Structure formats: C-alpha cells, structure tokens
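Here chain A shows up in two complexes: once beside chain B, once beside chain C.
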Partner chain A sequence: MANKPQGRSHQLLQILLYPLNWLEERTSLPGRSGIVGGIKYFLFRKVPSDISWGHTLGSAALTAFIVQAVTGVILAMYYKPDPNSAYESIRHITDDLWAGWLVRGMHRWGASVFIILLFLHMGRVFLYGAYKYPRELNWIIGVLILVLGMMEGFFGYLLPWDQTAYWATVVGVNLQATGPFVGPFLGDVLRGGSEIGPDTLARFYSLHMLVIPGALAALIGLHLWLVVRIGVSSPPWSPTEAGRPEPGPPPAPRKGLVAPAPRNGLAAPVSRGARRR
Partner chain B sequence: MNPRHDVDPHEGQGTAHEPTPTIWPVGFAVGIACIFVGLIISKIVLVVGVVLTAIFGFLWIRDATRPFRGEEAPAEPEPSRALPPGTPAARTSGPDPGQGEIVRFPRSKFLEATTLGLGGLIGVIVTAPVLGFTVLPPFIKQGHPKIDVGAIEDFPENKFVIATYLLKPEDGEVSRRTAYIRNNGFLDESPSFTILSNRCVHLGCPVQVNGLPLDDEAKTEKTAGDNVVTRIPTAAAAGFGCPCHGGQYDTEGNRTAGPPVRALDRYQFEIVDGRLLLGQTFSVSDVDGTGAEAKIHTYRLAGPGQHVDGPEGWLYPVQPPR
Partner chain C sequence: MNRRLEERRAYHARYKQTVKTRGKPFFPYAMFHDTVMSLLVVCLIVALAVIWKYTANEGTGEHDSGWLGKLYDEKADPGTTNFVPRPDWYFYFLFYLLRIFKWPDSVILGTVGIPTVALLLLLALPFIDIGRERRPMRRPVAMTAAVLTIITMGVLTYKGATAKEPLAAENLVLVPKWAAKQGFAGNQTAVDGAKIFAQVGCMNCHTYLGAGTSNLGAPDLSKIGKTSNRGVAGFATYVSDPSKFGNNVMPQFKDLGADNLRKLGTFLQSSGTCSPKTDTCPAAGGQ
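Up next is the complex of A and B:
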C-alpha cells in the first residue's frame, strides 16, 4: 500500500501531515470527519458572500475573551486572595514584576473591551434581525453570555482590594440585597455572611476565576457550535436572503419593503448564502 | 494493514495508517536512560548513552519514515477478526427487528431505568452537601458579639464620639466597624446612650460626621477579647452625611435628604461594671424627639436600601437569621 516514490517536497509534506492524519483517523467515523476535518470545516465553511465587517464582532468578542482568560491565568499566579495581602500583591504585580503593569493593564482594560464588544455584536445581530428563526436559541445563549460577562466584571472589581473596590462592592452587593423577598438572602450568599470579610474576597475570587469563566467557555462553545451548525445569516437587504427562492435568471427586482418573501419551510433559512450563489 | 478498512481519511491514497512496526525505540530508550545516569555518575556512560541514542534514533526514524520514502514496510499478519455484530450467527434470541427499528427488551428497559435512577441518586448525594456548603455558612453564626468600647466616663455628655472596633478580632482590620456614640446623661437613674451605626441605609457606604472630629484627642484602647478600640471625640456634630450618593441624616439618624430609605440603624447596648458594651444592631424607620426622650420606631435589622415600614416594607417579609 506504499506510495510510489515521488518528489522530495511531496515526501516532506507527507511527513508533516502524518500527525494530522493520525489524529483525524482516530477521531472520525465512516463518512464523518474527525477533529482535523471539523476544524478545517470551521475555518473554511461557506458564509454568505455579502457579509461585512459587522460580522467580525462576534469573533472580536471571542478574541477579547481569550485575552482575558490568558492574562487572568497569569495574574492568578501572583495574586493573593487574602484581605491582608491582596492589595500588596496587586501593587507587587504593577510595580515590581517584569511587564506586570502590562498584563494587569491588559486584563483591566480588556474587561471593558470585552463588554463593549458584546454590546456591539449584540447590536449587529439585533439590527440585522439575525436573532430570528432559527437563531433564537443563539440569541438566548448570547444573553446568558452577556449576563455572565457582566458578573465577571462585578466579581473581578473587588480583587484589587482598595477603597474603590471595597466600597463599590459594598454598594453593589447591597443593591442586589434590595431585591424583593429573596434579596436579603442573596446578599448574604454573595458576601459569604452578613458582613464583608475574608470569605467575601475568597468567594469572589473563586467565582471570578473558576466558576464564571468555566460557564462562559461552555456557553461560548455552544454559541459557536450553533453558529457553524445553522450558518451565518445574510444581511436583510441581501438578494440571497435566507428563505428566498434560488435566484434563477433573471433575479426579480426588489420592490421596496413589500417584496414578497416566500418561505420554503425549515430547509431554506438553514442553508448558507454562498451555496445559492 | 489497517484493520478499520471503513475509515480512510486519505480517501484511498493508500498511505499507511499505522506506524511501521520497529523495535529500535527500545535501544533509543536505553540510550536516554544511559544519558541521565551518565550525567550523574560518569562521563563514559554519558558518551555511551549519546552514541546509543543517536544510533537507535536514526534507525527508528529510518523505519518510521519508510512508507513516506516509498519503501514497502515489512508485512504484518492480518489480525483475526471476530464476527461483526449484526451477522445472523452472532445474534442469539429475541424478536426480529424490522428495518430501521430498535428492539427493546424488558431487561434493557429495566437496566436503563435503574442506571438513570441510581445515577440521579448519586448525583443528588454528591451535590446536596456541596451546594449546602456553598449556601448555608453565610447564614450560620452571624450575629454581632458583645463589644466593649470603653468606660462610661470616656463618653462626654451630649457629644458624639466616633468609636471604631473590630467586629471579629481574628479577622483583623477588615472587620473594623464604626459607631457614633452619644452619652445622653441619665433618664430616671439609668444612663441613656444614642448609638448609631455608620452604615448608610441607602446602600451601605460609611456615613461621616458633619462636624469636627478632634483627631488630637483620639484614644486607642485594648479591650476585652483582643479588641482594639479607638475613640475620637467630635465638636459640634450637626448630623451625618454619606460620601457615596449624598444621603444626609440629622443627629438622631433621621433621614433629611438624599436616597436613604429610613433612619440610621442603632446598636443595642448594655452597661456592665461601668463599661459600655455594644450588642446587635437593629433598624429604625424614624425617631421622634431627641436624646434620652426620643421615641424610636424599631424593627428587626434589615439591609441597606430595604424599607422597614409602609407597603415597600412588605417586599422584605423574611430576613436572614442574625
């Protein structure tokens, strides 16, 4: 079953591809691609031909999330979640450690960038009507991501343990505690007691660096899976808009907003624009 | 060579799918071991190790890349294969499935149910204590311990003293809290104090004295239970103000302006052997009158921002234990 001898470069390529093929063969089923094929599909899948820069905002938010995750993990190597050392450890990161100011700055400013990008992405999806059938579930997942993203910001804000952090958290938690009926209990759970103390800081740290990022990563995975599975919607003004019949020759001129948009059931909106080019 | 003929991601290009069998890694591993041992005990062993590693490494690479170089790999006996499931001979008894139909045996249903049930039970057994551990401790042993903040004589009559103390000395400075204490003199033989919490009843910021703290006269005292108490007398306190959103209170703690929803919380107190002990705090909707004569409308301690009276008070029917 061996190859016929071929050029050197071909041999080299084969050797380089060998690990990839190895991986693919061990993760695939008959007629279905495995990890390598999946990643290839993800990277080279077809998207509508008339997408724009607005469609890159989701990936931008993903990039911001990855930056937060990486810089956060590094900060966690030096941060000490204890009332007596938290502030000093942050000062140490900023003033003493090599490039500590940079990593901390990236994490701090990146947090705002992440939230801003979430809102911009959400705005794009909203204005394009891309939340409509069959993508409602992805909108719902997106809302959860947004809420968790803001919780990340809230729990992270306490960690520098300076006066701003402390009192902002006092106010923030008490605000939650004014919620009707369960509010007072929610406040105690958030603080880890009736008063802010050492347990509050450790609790916020655990939520900020383990619980919520984990949940976020899982939701982002689901989100992207749905994006790939359903395909990206084309803009509302697109001639190949999802749900329109195949543009046979000659393409019917659109007459303003009243142009009829026949629906072909489930199959049509799911198809990707480029397929219909 | 490839036992799974059904899987061929190379789409019939006929590349080998498994590494060529070779025994050279054994020599390679011996070489590596020699290097490590040699590093510690002797240069000669080290050199031998390097030579072995190089030779066997070369042989291994030569074998492993043979298919890519277009040489035939040594043949390998085809592994004997068991009957694939689904061949008639492999099946024993049971109803015959129609095309595309799944056959359910009662036993499989039973096993399914028990697996799900047991799995669920184990899940609950594991989750319940963990969840309880997360949620319950914040509600246990919360109240305010009795705190000795000084002798009665340390509190001049009709002047507010800013007293700070450690709520939990074992937690250190994080637990420092502030009370505004005014000695109202005597009301029918018994001493009267107005003791306000500095926790703003808007959202919990530290309320400040609208007046002059006499920092030069501040006193620090170690009191019972390893507590470190400071007392700062004030001159002419005209009330209290909050730095966060501008809430204002008069000298009885009544709200006079801004977003707070009720009067400042107060402390229960006790006098033991001439010393003032602060106890649990409680909430106050408003206060009529002043000083020793004041009529205080008291409620169970509620969080900042929570109404204690009126229809809004109905939103907080139960408070966590204190």
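Up next is the complex of A and C:
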C-alpha cells in the first residue's frame, strides 16, 4: 500500500471501507473471497441480458416466505399451543393487540400468496424449459420446497383450533391413515395418540414453526446457491438467448417434405443479424 | 448418448461465455425488477389482510363472513359432528380426488396412489424430458402435458371448492348424532349399519337427516323404516340387488356380504321407527 498523500474523500472512503475489509479478511481463505467478496460477486455477477419479469417470480416467492417468517415470529409471541387457550389467544391477537389483526391477516393470506407464487414460478421454469441440464437438481429441490410449503399450510391450519381447523384436520389425518402399511401408524404419529387433542396441537405447532420452516429455509438457501452458481437461463425464444449455437444451425429440411426453402433461406441471416446486436 | 452429453456441456459452456461477455450485472438491472416485484407482493399481502379485516364482522356466524371469509370460526368442539370440514384451497384437488375414488376399494388410489405418482412424475420431469430444446413451441409433448395438467388441477380445484357431496370420512363423524336422534344408539348392529351406510357411497344419491346429496331421484332415507318398512331382511335383500325391485338406478351391493347387509338392514329399519325418548327399537327382524 503506497502511503502517498491522498484527498480527503479518499481518506473518508478508507474509513468507511475499513469494517468491510476487516470482515473480508476474517472470512476468507487465501486466494478465495470471503463474505464481502461473496456479496460483491452476488450483486455484480453477470446475468443474461434478456431476462425480465418472468424471472422475478422466484424472488417474489422468497419475499412471501420472508413475510411468513416475520409475521410468524410475531404470532408465536402471543399464540398458545394448547386446546384450552389456543382459540382465545388467536382472538386476543385479532381483537386486542395493536395491529394484531394485520399480522395475523398477513400470515394467513401470505400463505396462499406464497403457494400461488410457487406454482407461478414453477410454471415459468417449465415454460422456459429451465429444468433441463444443468438445472435438474434445482428443479428437484424446487419440488421438495413445494411439497414442504403445502405441508406447512396443512400443519398451520389446525393452530387456530376452531371448527374449520379441527374438522379439516380430523378428516385430513383420517385420510392419511388410510394409506397402506405405514398409514395407520402415520395417523397415530401425527395425532400423538388416537384422538386429536393437546398432543396433536403441540406436535403440529412444533412442525409448523420449527421443523418445516427450518427445512424450507435450508432448501431455499441451497436453491439460491445453485441459481447463482449455474446462472439463470435466458428466455429460449429470445433472439439473443445465451448458449444458443452461433451461428444458428439451419434447420435440416426433412426428407419427404417440401422444404420451405425461401423461409429457411431468409430466416437464418435475419436471426444471425439479430444476434449480433 | 455421449453426443447428447457433449452437446449439453457445449451449450452450457457457450451460455457461460455469452453471459460473461454480453450479460449485464445483476445489480442494478435484475435487482430493480426483483425489488419492484417484491414490493408488489408485500402490498398484495397487506391489501388482502386489510380487505379481510374490514369486510368481515366481528362474530362467528354465517353472516359475519366478509369478502375473504370470517375473522374466526367457532371454537373447536369435538362434540359437534354436523360440521363439514373444508381444507385450505390448495388441497381442494386432493379433496376432490377422494370423491372420485370411492370408499372402500379405490380410496387408496385417491389418498396415496395418484398423489404419489404425480409427485414422482414431477420430480422425474428433468429425466423424462431430456431433449435440449427449450422453446415451448418446439416441445409439443411437454406443453400438451402441461396444459392438460393445469386444466385437470383447475377443474379438480373448482370441483373441490364447489362440491357438496360429503366424503365418507365426513359422514362417518355424523353417525353418533344419527344414533342419538333416531334412538338406535343402544343397538350396536344398527350403529354398525349406519357406519357402513356412511362409507359405501349410499349418500352420494340419498340424503339422511340433512346430510348427503340427493341424486338420480333417490329418496331421503331418514324415515325409511317407517315409510317403507321392509324389515331387516327385506331391506338387506333390496340393497343387495335393487334391480329385482325395479330399481335399475341404484347399484347392487351384494358384495358387501350377508353380515354387512344385515347390519345395513337393521340401520334402515331403525330409521324413523325407534323412540329416541325410551331408546327402544323394534326387535331385529322388523316389525
């Protein structure tokens, strides 16, 4: 580091950057970047120039998940997971607490928004053929996230301990218990006995606020890590699609068919021209 | 096989190269879109919560429901059994599957079979559809499958949302109420018959004490013991093969077996003929 006199602004910058450099030095291996380098890479990594709104559905789902996490933590401060007071605690949250209805309402409706966004995001990935090599693993992780997300909804549904919640869960668990071999066992494990009662509620609460969200968070982390590693795909119909062979291979005229010669002859140079832009 | 792998690798290498040379940085371009979208999501969630709160009344009754439903239902009461359970909307399709695959033979298909197969197919998608082509118009099979899946899910969800026919498991919880109301609680054979009645699909055509759906002109059976009065054996014969009695709409239930038919018959004969006050029923065998 040269010790030449520098301008004020440079000195200021050095002071501001000091904590960042401190962090970086303490989180990096020789020759590899640490936290700060990682974040820089994340922010300034190149993405295909033709991505657009379709690609925002993943982060929209992430936002919905974060909303669920935050509102869920607040609800957990007031909710009481036992059949004698669960229902009353929900009413207390909705009626008495300042903005309690807002937090509960956001958690309740956010769950549906989250599920819808998952389906939309999955639809986007499907439409773009983005589950193909090398993104197969991320598709699988995504499906697991979807299943866990729906299970999260199932276990959360009982918590208000009202009639809808109770009877939907009675039927839901009965249905699981119809499964072959492990079915009845699974039913008993979920209920924590042969009836839906205090043990069931505690079980569902623990699954709903610890086990499944933990698994979801881990899978989401893995999912995003892979997204950054591999990179997001270009829209396949884009004239500048990243990865398309260049120049585009002229579609081989099929034998036995009248080859649409003029179209082929024209299309190739045009699309090649577009790709040069 | 090897060529396919090579092609894919080359494709991805080209992808990386193109992104490196002609891509744009995530920040601020993509991040801008993501942020706008995320803000929209949060606004949407807040808006839903506000609409939910301000269109609903503070109560638990039917009329307290706002645009997005009630603020709360009544407290759970394991004692009441006349409650029709509804899961959250994203389970409606499963719910409806169970109405297609009826108790008791094929219900496993609805609860376990089809969902498992669907899930496995979804997981295996990248290994089934292994072509390199990504343009939707050139993936006719994948696109057709997707459209059919979406339509199926949509229809199942809609049907599940609007379905009125009760599920076997839902009917089953009604049995104690029937027994109390009709006065056959003390007659175990009748109670067993009621359980069979609730599960084998009778209630997709017949109503019973306000539950079930009326279909194909099937009569309400709440008082059938009184109005028809065929006796236990008579009802058993009728249900076993209704076509012998000129009823070609109702399916035969011979397969239930003599024992179950006798129970069913006892239940039917006890409907409308027992005395809830004294808890007495006509002796088995009908009057």
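List of remarks:
Here, the second predicted complex is superposed on the first by the 234 of 277 C-alpha atoms of A that agree within 3 Å, B and C clash if a C-alpha of one lies under 4 Å from a C-alpha of the other, contacts with A are read in each partner's own complex, and residues count from 1 in each chain.
FYI, a contact is a pair of C-beta atoms (placed from the backbone, for glycine too) under 8 Å apart; a residue touches a chain by one contact, two chains touch by 3 or more.
Small disclaimer: the values here were computed from a predicted structure and weren't measured.
Partners chain B and chain C, once the complexes are superposed on chain A, run into each other and clash. By the touch criterion stated above, A:18 is placed in contact with chain B alone, chain C being left untouched.
In the superposed model, A:170 lies in contact with both chain B and chain C.
When the two complexes are overlaid on their common chain A, residue A:129 makes contact with chain C while staying clear of chain B. In the superposition on chain A, A:188 contacts chain B only, with no contact to chain C.
When the two complexes are overlaid on their common chain A, residue A:225 makes contact with neither chain B nor chain C. Of the two partners, chain B and chain C, it is C that touches more residues of chain A. In the overlay built on chain A, none of the stretches 202-210, 220-228 or 274-282 of chain B clash with chain C except 202-210.
The interface of chain A with chain B overlaps its interface with chain C at residues 83, 167, 170-171, 174-175, 178, 180, 183, 195-196. By the touch rule above, chain A contacts chain C in their complex via residues 42-49, 51-53, 55-57, 59-60, 62-64, 67, 83, 87, 90-91, 94-95, 101-102, 104-106, 108-113, 115, 117, 123, 126-136, 139-140, 143, 147, 150, 153-154, 157, 160-172, 174-176, 178-180, 183, 195-196, 231, 233-234, 236-237, 240, 242-246.
Those residues of chain B whose C-beta lies close enough to touch chain A in the complex are 1, 6-7, 9-10, 13-17, 65-73, 134-135, 137-139, 142, 167-168, 171-175, 177, 203-206, 244, 302-306, 315-320, 322. Listed in rising order, the residues of chain A touching chain B in the complex are 1-6, 11, 14-15, 18, 21, 24-25, 28-30, 33-34, 36-37, 83-84, 167, 170-171, 173-175, 177-178, 180-181, 183-185, 187-189, 191-199. Across the complex, chain C meets chain A through its residues 8, 11-12, 14-16, 18-20, 22-27, 29-31, 33-34, 36-38, 40-42, 44-46, 48-50, 52-53, 58, 68, 71-78, 80, 83-91, 98, 107-108, 111-112, 119, 122-123, 125-127, 129-137, 139, 142, 146, 150, 167, 169-170, 173.
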